[in-house]
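Provided herewith is a single structure, encoded as structure tokens, for subsequent inquiry.
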């Protein structure tokens, strides 16, 4: 079943904590690799980022996230679970906008799969971000130059 | 200042949650990479692991952990923080025995430094583990064949 | 036929809309020209096109009620 | 001189002690032979030696109150 990975606003720390609480249920897992993407208070031309506003093509995000999970599971045979969460809407500087958690029998596959998943998210997910500065101006950003 | 990274028993989930709560304080960080090592309920010759008992040369662990942190910080120039926690004593299957958290300005350094730190921990920290099986027999394990 | 067109990111900003229905479309080329006539600024931007949530690299055969998305370079994470 | 010797992992199990003080030691070689006499089984195990928390690969010059650790292969994480 394809699930939505999108969350309105920041990924709540309470949600992360409850996902971590559940980890021990699979006693076949020997390693968990996590990546948390956080909004940086970057300064561009003297303007400091106070938030990022994310927008997404939600139907396609669901399709692409499903493809990413399937391709990672096909590539790494030792995985126990894979969880992806991504924000839409406003996420303030210092808050979490991306959460990836990969559990595997052994550490190498957990870490390699996590890193690969983050790269695929950046490359494949139809998500856009607009930096909002403290002076309330804004600017669209992209991950890869076209 | 050299700090002890050793924790008696499993790394508590509540401690992990409170470390995650504090992440947003550094708004220069754009990515956090975490690795959690968990005790697996491996089965060897029909015996299932119920716990691992870790022991450590504590004074040397402190020295070596300090060297690991310094070498990682020297290698990756974008790091914001590095936290290592390792268990001593009994850790049950499904519980966490190793916690590594690396924050960096950008994701690549966070993930690469985390992976490298975990490898150095396995290679350099004077820690030993004895698997304790459900039938109360036990066996010493090692990370690298001598 | 009727085609729903979605605009994302900076393209939603310059078109001042997130989606729009185009009626009496005869082909993808017809649609493309209608959009460029209406939003001439769009030609200055980089974007890719998705048809019903799948990226397409060649002009597609459209059918009634297809959904076309105009997507600037992605910026997730 | 007096040397404190620590035994770790499986070596603590076969020596049935975590540490032991050796008195009237004249050299590292003297210490090594005293330990092997007391725990002959130790020669069957792989281990490395640390002097005051630093791994050593050659026989060291000992001084009074040095700490020598007998360490099987590491197994952290």
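The letters A, B, C and D name the chains in turn, as written, and every chain counts its residues from 1.
By our rule, a residue touches a chain if its C-beta (ideal position, glycine included) is under 8 Å from a C-beta of that chain, and two chains touch if they have at least 3 such contacts.
All figures in this text were calculated on a predicted structure; none of them were measured in a lab.
A.B. asks: To reach subunit D from subunit B by way of touching chains, what is the minimum number of steps?
C.D. replies: 1
A.B. asks: Nearest whole angstrom, what separates the Cα centre of subunit B from the Cα centre of subunit C?
C.D. replies: It comes to 49 Å between the two C-alpha centres.
A.B. asks: If you average the Cα atoms of subunit A and of subunit B to get two centres, how far apart are those centres in Å?
C.D. replies: Each chain reduced to its C-alpha mean, subunit A and subunit B end up 23 Å apart.
A.B. asks: Using mean C-alpha positions as chain centres, tell me how far subunit C is from subunit D in Å, no decimals.
C.D. replies: Distance between chain centres, rounded to whole Å: 74 Å.
A.B. asks: Which positions in subunit C touch two or more other chains at once?
C.D. replies: 77, in rising order.
A.B. asks: Could you list the positions in subunit B whose residues touch two or more of the other chains?
C.D. replies: 37, 107, 118
A.B. asks: Chain pairs that touch, all of them, please.
C.D. replies: Touching chain pairs, listed by label, come out as A-B, A-C, B-D.
A.B. asks: Which positions of subunit C touch subunit A when the two form their complex?
C.D. replies: Within the complex, subunit C contacts subunit A at residues 6, 8-10, 12-13, 46, 50, 53-54, 69, 71-77.
A.B. asks: Hey, which residues of subunit A end up touching subunit B in the complex?
C.D. replies: Residues 13, 16-17, 20-21, 23-41, 93-96, 105, 107, 110-111, 114-115, 118.
A.B. asks: Given the complex with subunit D, which residues does subunit B contribute to the contact?
C.D. replies: 37, 54-57, 59-60, 63, 86, 97-98, 118, 121-130, 140-146
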